Amino acid sequence: MPVLNSKELRIVGFLCNWCAYGGADTAGVARAGQPTDLRIIRVPCSGRVDPLFVLKALLEGADGVLVSGCHPRDCHYAAGNFYARRRLEVLKRFLPVLGIDDARFEYAWVSASEGQRWQHVVTSFTKRIHAMGPAPHFDDAKPLLRVADMALTALRPLGTAQNAAVNELKQVIKDKLPELNCVIGWQQGYDGAHATPLFMKTPEDVDKLSWGPFNVMNPAVYLPLFKGKKTGVVVKGCDSRSVVELLQENLIKREDVIIFALPCEGTLDIARVNEKLGRYTRINAVAYDEAGVTITADGKEHRFCMNDFAQGKCYGCATPMAVLADTRLGEPHKVNPVSSVPPELAMLDDMALSERMAFWRGQMERCLRCYACRNACPMCVCRDYCVSDSRNPHWMSQDADINQKLFFQTIHALHLSGRCTGCGECQRACPVGIPILALRQQIARAVAQLFDDYKAGLNPAALPPLLGYEAHEKNIHERDWK
Amino acid sequence: MRIGIFICHCGSNIAGTVDCARVAEISTGFPDVVYATDPVYTCAEPGQAAIEAAIHDHRLDGVVVASCSPRMHEPTFRRTVERAGLNRYLFEMANIREHVSWIGKDRDANTNKAAELVKMAVAKLRNNRPLLAKSFEVNKKVLIVGGGVAGIQAALDCADGGVPVILLERESTIGGKMAKLDKTFPTVDCSACILGPKMVDVAQHPNITLYAYSELEDISGYIGNFTVKIRKRATYVNWEKCTGCGACSEKCPSKKTPDTFNELTGVTTAINIPFPQAIPKKAVISAEHCRQLTKGKCGVCAKICPTGAVVYDMQDDVVTEEVGCIIAATGYDLMDWTVYREYGGGQYPDVITSLQYERLLSTSGPTGGHIRRPSDGLEPKHIVFIQCVGSRDKSVGRPYCSGFCCMYTAKQAVLTKDHLPFSQSYVFYMDIRAPGKLYDEFTRRAVEEYGVEYIRGRVSAVYPDGEGAYVVMGVDTLLGRSVEIKADIVVLAVGIEASRGAAALAEKLRISYDNYGFFMESHVKLKPVETNTAGVFLAGVCQGAKDIPASVAQGSATAAKVLALFARDRLENDPQTAQVDTRRCVGCGKCIRCCPFGALKETTIRGEIKADVIETVCQGCGLCTTTCPQGAVQLSHATDNQILAEVNALCRC
Amino acid sequence: MSTIRILASDGLPAFLSFLSQKHQRVLVPVVKSANKRSVIFEPWRAGMPVVLEKATVPPKEAVLPQCETLLTYKKSKNQEDLGDITVSLDDTPEALSTAIFACRPCDARGFRVLDRPFLNGLFPDPYYKARRESLTVFTITCSSGCNTCFCHWVGGGPSSPEGSDVLMTKIEEALMLQAISPAGEALLKDCDLPDGRDIFPRAEAARKAAWASLAPAPDLKQAPQKIAALFGNDDFWQSQTSGCLSCGACTYLCPACYCFNITDEGDGFGVHGGRRLRSWDNCMSSLFTHEASGHNPRMLKTPRMRNRVSHKFSTYPENWGTFSCNGCGRCISNCPVSLDIRAIVLAALDNAG
Amino acid sequence: MNDDINLSRMRDAAFTEDVEAQSGQKVSDCYQCGNCTAGCPAGFVYDRQVNQIVRAVQLGLKDEALGSRSVWMCLSCSTCSLRCPNNIDVAAVMETLRHMARRENRVAAPKVENFWFSFLDTVRAFGRAYEIGTMALYMLRSLRIFTDLDLAPVVFKKKKLGFMPHVVPHGGAAAVARIMRRYKERAVHERVRP
Amino acid sequence: MTYAYYPGCSAKGSSTDYEKSTQAVCDFLGLTLVEMPDWNCCGSTPAHAVDTELSAALCARNLDIAARQGAEMLLTPCPSCLSNLKHAANRLEKPEFRARVDALLDNPAAGNFPAVTSVMQGIAAHCDVNDIAKHIRKNLKGLKLAAYYGCLMSRPAELMDFGDPENPSLMENLLAACGAEMLDFPLKTACCGASYGIPERAVTARLSGRILKLAACMQADAVAVACPLCQMNLDLRQPQAAKAADAFFNMPVLYFTQIMGLAFGLSPAALGLEKLRVSADSLLRKLEAEGGKS
C-alpha cells in the first residue's frame, strides 16, 4: 500500500453526496487549491455517518476526521443532517473523555455551490490538524492506573432500609401474583453479603424477597425477555428509570409490566465490601443498623457504613423512589437536588487528555471481552445480535488489543446516547473492575448539556433526544469557518 | 471478484498532475484487481467500448473508474457496465479530478492520493452486491394543494390531460392573491377578468374535485401511491344546498366582522361570500363572529336561507383520498411589516400595505374602487410608495428580493393617477427590477406619462404632522440630499414570505424548506419544479418569489411533470434502499421513529415485531442504518461494511 | 524426598530475576488498582510489585491466550496473470517459554483439563503444545478456603499438587518451595536458594490447617448420572437459569474452559497480509451454537446453562473420568448476578434423589 | 475637487481593508440603499452623504473618504447603524474614518476638532469637563467670539454654567492628566497624530 | 445590590437641576445614590471622536474605582456618560484592546467591572410602576407630555439594553405611572444635535427645531428628557431652534426626574425648576387647575 506522502497527515472526510461532495466538486471545478491530505468517503447523507465511523477512523490511525453535509434545512432527505448534527455534536463532546482531542473531529455544512467555503473548510481543518501533529495512539500510551476519590457526600441520607415496608409489599405481590407470569426481585445469594435475582411465581417464592443494601443488581434487565407476558418487577429508584426507558423505547409495554417500588436508601459497593472482607469461609451474621451493616465472617466483625461503602452512583442519586410505579410503599428521604459529578468522571475531568488516554490504556488492557458489561445493561437489547461479535456488519475483530476493547466500550456508550440512565450495572458487572461507567456518564452529561438537561428514564412519553431534532438547536452552534 | 481498473487521463485534466500510469500500476496490487489500464478519455465512446471489451476479455465482475466526479459520470459508466452484462451496482468511481488533480499541484502527492482513492473504491466494490429495481403501480390521480393562480393552472392542465385532480384550498374560495388584485401589470388588464374564467373552468371541469375551506391533515405513502387525509373545515353551511344567493349575508346582523378578503380594509358579515366571483360561490359562517355560534341566539341566516342550508352544529370532516402525486402551490403571505416602527406600520391608519391599497383600488373592494383614506375617507392627494419594506433586508431576516413589488408599485402609481388625476405619487426605491417582457417599458411609462416621481433612496421616518397628514422623511441619494414629503397616504410594498403553515406542510410532504419557509426545489436550474421527494412538485410562489406569468408557467410545468409521470403504468424504484436483516432486528422501532420518509413500518414475523422497509418510499438516506444499534437495517450500496471497508483501506496503514 | 528450598520474602525479586533468566517470561500476580481492584498475571519486570493473592483471572492465558494469531497469510499475484494468486502461510507457533509464579492449586489443575483436548489424541494442537511444553508452574498453596471455593468437592484441595511443577507454601514471611515435577526439581536444584527441608514439617502443618478449615464437601459421585438424568427436565433448568445474563464472565474466568472461535482478518494483500485468529469463545452466548444455516440449537439460555453444567459435571467426567471444574469459584464470585454453580449441582443431586 | 476619479490609479484596496479591519464592519455588504442617509440627522451639513462615504470606502477612494467634512460632522447618534438592512454599524465606520483622518492630520472641520481639544484640555487640567473653560479655550483656538453670545445673558442669569472649574478631589485630576500624557506619548511614539 | 453613582460633569455644571431632581426623586423612592469618589470625566464625545483608546482609558478609570469600591451596578443619569462607559466596558473585554488601555492607566484596571446602567433603569428596577403610583401625592392627570430620549439612550440596542431602539417606552411608563398623559411621540429617539451646539449651531438648531415643532403640533404641555445635552439644546437653545423652524415655541423642557418630583409633591425649588430657560410655570398652573378639577 502506498504510504502517506511524508508531509501529509491522515485526514478522512465523510461527505454527503448532495451538498458537501458537490461543494468539493465545485471547488475542484474552480481549481480552488487545497491541501492534499484529505481522503473523501462519499455517503448519501450526513445522517448516514454513524459517529462510530468517526471513532473507528480515529482509533485506527486517522489524525483528523471531517464530516460535511448540507446546511440545516437544505438536506436532500429533509432531516438527515438534523439528526447528524445532534449525534455528531454528542460525539464531539464525548471524544475528550477518551483522551482524544475533539479538535481532531469536526463537522461543517457546505452546499454544492459553496466551492470557496469548501476550500476554506478543508484548508483550515487541515491546517489545524497539522498544527496538532500526528494523533497519539492508545498503543503508545504508558498505562496509568488511578483510583477515583470515593469520599463523597450523598444528596440524601443513605441507610439500610430496615424500616421499609417489605412485609406489606410481599402481601401486595402475593395478591397480584395470580395475574402475573412472575415478579422479579432479589433474594439472598450464596451468602448474606450477596443477593441474587428472584423470580417469584408462588407465595413461597415471595417470602424469599429481600430488600436492602445488597440488592445491587438491576431487575429491569430481565423485562424485555418477558415481552408479551405480564410481569411484575420490584424496583429501586434507579431501576425504575431503566423500566421507564424500556417503555419509552417500546421494548416493553406498559400494560405488560407491574411495578412495585419501595424507597431506596442506597446500595453497597460489593466490590469494596468484598475487598474489605477478604478471604472468608462463611458469614456468621449480617447485622443492620440505620447507617450501615456489620458483617461477621469467620468470627470476625466488619463494619460497613453506608456513607463510606455505597455504590458511586448512589451518592448523586436524585431518584430514591421509583419515577414510575403501580405500587409505592413508604416515604423516600428528601433529596437535596444539587448536581454532582460522579466520582470516576470527576477523576477523568481532572486529567489532561494524554493522561486520559494513558488511563484507558491502563484500564482496558485487562478487559477479557466477556461482555458482562453489555449483558448486564438493561438498555442493551441487541444482546444476541450485538455488532461486537458480528461479521456483517463487521465493526470489530476478535483481536484482544486495546483499540478493539476500547472501541467496544465506545460502541456501547454511543449506543446509549440519551438512553443511559446511569444504573452502573456495566461497571459493577465487570469482573476486572474497569471503570467503564464514566464513558456512559460523559455521554449522559453531553446529552444533558445539549438538550435542556435531558435525563433518560424519567418520562416514558419523552422523545429520546437522538431520535429527534430541532431545526434551530438551542445549544448547538455552527462553527464559524470564516 | 475480478475487478478491472480504469484510470482516466481526462486528456491532461488529470494526467497533468497525476501519474495515471503509475496509479494503474499500483492498483494491480490491490485485492481482486485483475486488470488495470489508463485510458486518455474513459467517458468517450472508445473509452466506454474499452471497458465493455475488458469486461468480456478479462471476465470482470466489477469495475472501478478513476476519473471525474461520480456526480458527473456515474450514470454514464453504470450504463456502460450494464451493457456489458454487469449489474450497474458492481461499479465504483474514484474522483481523481475534482478532488485530486484540479486542487493540488504536487504530482507525487496527487499520484499517491489517487492511488489511495482507487484503493478505497476497490475495497468498497468488493463489498458491493448486485441490486435490482422493483416496479409498482401508479395511481393516476393528482392532489394540488393551493388554489391560487399556479394551482388553478396546474389543475386545469392536468385535468385537460385526462388526469383526475383534487384541488385543495384553505380559504372558502379559490383565486388566491390574484383574486384580490385590481389590475395586473404590465398590461393593466383586469385581474378578475382574466382569472375569473379560469376559476369557472375549475368549477365546471369534470376531472376536478374541489375541496375549498379545507386543509391537508396527513400524508402517507410514496410516489404513485399517496394516501392523503383532508380536513374539510366546518363552514356551517351545507354547500350542497347553498345556491350562493347572498340573502343570508344581507340579513346577518353581525356586520362588524373583519373582512380578510379585503385585507382588513373593511368589514363584512359573519356569514358571507368573500366576493361576487368566488368559486365555489358558497357562504361560510365565521364562527368567532356569528352571534348564533358565540352567544347561541340569532339564527337569522337559518331563517332567511331559502334552501335551509345553514347548519349551526356542523363539524369538521376528514376525508381520505388516494393519489399518485402531489403539487404544492401554497403561495405566499406578507411578512410582518409592523416591525418597521419608523414607517408607523400597523400604527397609523393611513400607512397601509400595497395589498390593502389594491383592495382600495378594486371595484369589489370596500370603497367600491374609489381611493379613500382609511382614517377619514378623504381622497388622498399626495401618495408615497415605499418599496422594499421587508425585502432585501438582512436586519429583519429577509435578505431576498420579493420580485414583483417594483412592478406592482408602478402599476398602483399609474392606477392612482387614473383614479385621481390631480394626485401626485412618489415612489422611494432602491433599484427597479423590471426584467420581464414589457416590464421596464411599463415603469418608464409610469414616470414619463403618469408623472410618478421616482426617488432613488429610502425613507427614514413617517409620522403624523399633527395636521392630518404624514411627514415622510427620506433621502434622494442621487441628489445626496434629504427630502421631506407631506403625504396623505403611505403605501408600503411589503415583502413576502412563505404562506403561513408552509413549514408544517413541508414536513408532512417530507420536502425541504428554507429559512423563510419557501420550499426547496430539487435543482435550482435543472429541476425547478421537482422536489427531493419523488412525486411531489412545486408551483408558484411557494418555491420562491415570482410574478403571475412565472407562477402560471410553473403551474403548467408541474402539470407536464404529472402527465409525464402518469404516462407510465408502472414505476421502478431506486434499489439503493434500506434492507432489514429480520434475524438481527429486535423490533425496537428506532428506525421507524426517525425515518424522514415514513419508509419503515412495523411488521410481525412469526409473532415477533420487526421493522420492514417500504422500498418504494425509501429514498436511501441511510439514517435508519446509522440509528440501528445492532446494524440490522443496512442501506444497500452504503452498508456499514462498505463504508468500513473504505475506512479500513485508509486507516489501517 | 523432592528438593525443597526456602525463599525469604526479601529474596523474591532475586528469585524472579533468576526465573527470568530461565524463561522468556515470568507471569506474576499484580494488583490493578481501581475502585474494584483486580489481580492479574503479568510478565514480571524488575521492580514490579508482586502480590501473592489468588488472581481474579486465572493464568490460562499463558497457554491459551484470549486471542492468538494462528497463522498469517500473504497473497501475491502473478504479474502476467493478475487473477493467479499464490498464498504463503506462516503458522509458526508463537510460544515464549513461561514460568507462572504463584498461581493456586485450582489454577494448576486447570492446565490438566486443558491438556486433554489440546495435547491428547491424534492431532495435538501445535500452538498449545509449544507453549505448554515450555511452561513451568509455581503454585502457592491456599492457607484457607473461602466463601466461593469448592476445590475439595471436585478432587482438588488447598495444597493439591496436580499440574504444578513447584508447590509453594507460605510460612510466616517465607515461602517453602517443594519440587513436584522433574522440571521443578531441576529448577530448584539449579537455583541458589537455601535448602528448606527442616521447615517442611511446618509447611505440612500449614497445609493440614488449610484442609481443616474447609467445610465438609458433599459427595458428588452421583452427580454425572443425576445431571444427565435431568437433561430433559426443562423446568429444572429454567428455574436454575432465569437469573443468567448470558455473559461470558463465568467461562472466560474459568481455568478449565477451553472453547474457542476462529476468524480470519485481512484480505492477504499489502503489508498487513491476513491473519487467522483464535479467540476465546463462550458457551453462554447464543452465537456459540449459531450454525451457518442460521439454525441455533441453543437459542435460549436454559439449554446453554444446562450445557455448561452438564459438561463440567456430567458428560466430561463420564467420558474422561474427572470433573472439568476445579472448584476455583471464580464463576460464582464474578457472576454479575451471583449465580452459584454449586447450588445448581446440589439441586440436581437433590432433585433426582 | 471635481476631477475625474481614475479608478485604476486611485483605487486603494488596502484602505478598504484597513477600514473594515479597524471598524470590524464589512463595508462590502452595503448595497447603497440609502437608509443610513435617510435617517441621518446631520446629513444636511454633510459634504458627502453617509452612503456616499461608504461608497468611497467600498471603492478604496481614500482621499474622498478621509477628506470629507462629513466624518467630522457625524453626531454618533447611530441611527444609520440601526436602520442598515445589512447590519453594518455605519457609525463605527464613520468613527473609524474620523480616527484615521485625525491620525493623518486631515482635519476637514477644524472648528469641530478645536472644540474637542478645548474640551479635552479642560479635562486634562481639572479631571472633569468645565464648560466655561471649554468655551474660552475654544474661542481662543477658533479665534471666534463667543458663538452663542445670544445665550450669554440667560446662561449667566440662570447660573447655567459654573464659573469655577470643578476639580476632581483626591488627585484624580492628576491621574487623568497622566492618562492624557501617556496617550500623547504613545501617539508620538507610534507616529500618529495625537 | 450595591450601587455606585456617577453623576457626570454636567451634573456639576450645566445641569445641576437634573442632579438635584435626580437626587431628590431617588431619595424619595428610597434609592440611595452615593456619589463615587474621585470620579473623572468620561471624555464625552470629544474623547471617543478623537480615539477610542483614550475614551476607554478615561472610562476605565471610573469603572475601576467602582469595581474596587465593590459596586455591582454603576448608575449614571447622563446618556452620554452611559454610552461611553458601556462602550468602554464592552471594548475592554477584548484582551488586546485592554492591554493598550491598561498601558495608559496608572495601574491596570480591575478584572470585573460592575454593570453600567442609567438612573432611569435603576429607578425602574428599584420600584415598579405600582410602587411609583403609591408614592404619588399630586397626580399629573391632564398633563400631555412628549417623552424624548434622544439618540444615545437606546442605541446600539444590543449594548444599551434599553428595549426597542426605535421605540423605547421606559420613560412613558414611569411618567404615566405618575398620571401624565403620554403622547406617542414619533421623534422620541431623533437626534437633537448633541454637542454641535457650540461648533456647528445650525445643526443643533435645525434638529431641535423639528423636535420642538412636532411636540408643539401634538399639543404637548412639555417635553420630558433624560439627557443634559438634549435639555440644553431644546431649552436653552429654544429661540435658536424656533428661528430655524420658522416658528415660535414656549415649550417647557423638563428632566423626567423633575416631572416625577412634581408628582411626588416635591417643591419646584427642590427640583431646580428655576434653572429652566422656558419656565415651567404654565405647566404648574395647568397642574393646579387640573388638580382643582379632580
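Letters A, B, C, D and E name the chains as they come in the text, with residue numbers starting at 1 for each one.
In this text, a contact is a pair of C-beta atoms (placed from the backbone, for glycine too) under 8 Å apart; a residue touches a chain by one contact, two chains touch by 3 or more.
All values derive from a computational prediction rather than experimental measurement.
S.K.: Touching subunit C and subunit E alike: which chains?
M.R.: Shared contacts of subunit C and subunit E: B.
S.K.: Taking each chain's centre as the mean of its C-alpha atoms, which one lies nearest the mean of all protein C-alpha atoms here?
M.R.: That would be A.
S.K.: Comparing the two chain pairs, does D-E have more C-beta contacts than B-E, or is it the other way round?
M.R.: Between the chain pairs B-E and D-E, D-E carries more contacts.
S.K.: Counting only C-alpha atoms to place each centre, which chain is farthest from subunit A?
M.R.: D
S.K.: For subunit B and subunit D, let me know how many angstrom lie between their CA-based centres, rounded off.
M.R.: Centre separation, subunit B to subunit D: 50 Å.
S.K.: If you average the CA atoms of subunit D and of subunit E, how far apart do the two points sit, in angstrom?
M.R.: Distance between chain centres: 23 Å.
S.K.: Take the average of all CA coordinates in subunit A, do the same for subunit C, and state the distance between these two points in whole angstrom.
M.R.: 32
S.K.: Got the subunit B residues that touch at least 2 other chains?
M.R.: Residues 29, 342, 461, 583, 652-653 of subunit B each touch two or more of the other chains.
S.K.: Which parts of subunit E, given as residue numbers and ranges, touch two or more other chains?
M.R.: 166, 190
S.K.: Hey, what residues on subunit C touch two or more of the other chains?
M.R.: Within subunit C, the residues that touch at least two other chains are 270-271.
S.K.: Give every touching pair of chains, nothing left out.
M.R.: Those chain pairs satisfying the definition are A-B, A-C, B-C, B-D, B-E, D-E.
S.K.: For subunit B, which residues count as touching subunit C in their complex?
M.R.: Touching subunit C: residues 2, 28-31, 33-36, 58, 126, 583, 652-653 of subunit B.
S.K.: Would you tell me which residues of subunit E are touching subunit D in their complex?
M.R.: 9-10, 12-14, 16, 37-41, 43-54, 57-58, 61, 103-106, 151-152, 155-157, 165-166, 189-191, 193-203, 206-207, 232, 236-237, 239-240, 274-277
S.K.: Along subunit C, where are the residues that touch subunit A in the complex?
M.R.: 32-38, 40, 54, 56-57, 65-67, 144-148, 213-215, 242-243, 245-249, 251-253, 261, 263, 265, 270-271, 277, 279-280, 282, 285-287, 330, 332-334, 336-340, 342-343
S.K.: Any idea which subunit A residues touch subunit C in the complex?
M.R.: 1, 145, 147-148, 150, 189-191, 194-197, 199, 217, 221-222, 269, 271-272, 274-275, 279-283, 297, 312, 343-344, 362-363, 366, 368-372, 374-376, 383-384, 389, 391, 397-400, 425, 427-435
S.K.: Under the touch definition given earlier, write down the residues of subunit D that touch subunit B in their complex.
M.R.: Contacts found on subunit D: 29, 31-35, 37-40, 43-44, 48-49, 51-52, 79, 83-87.
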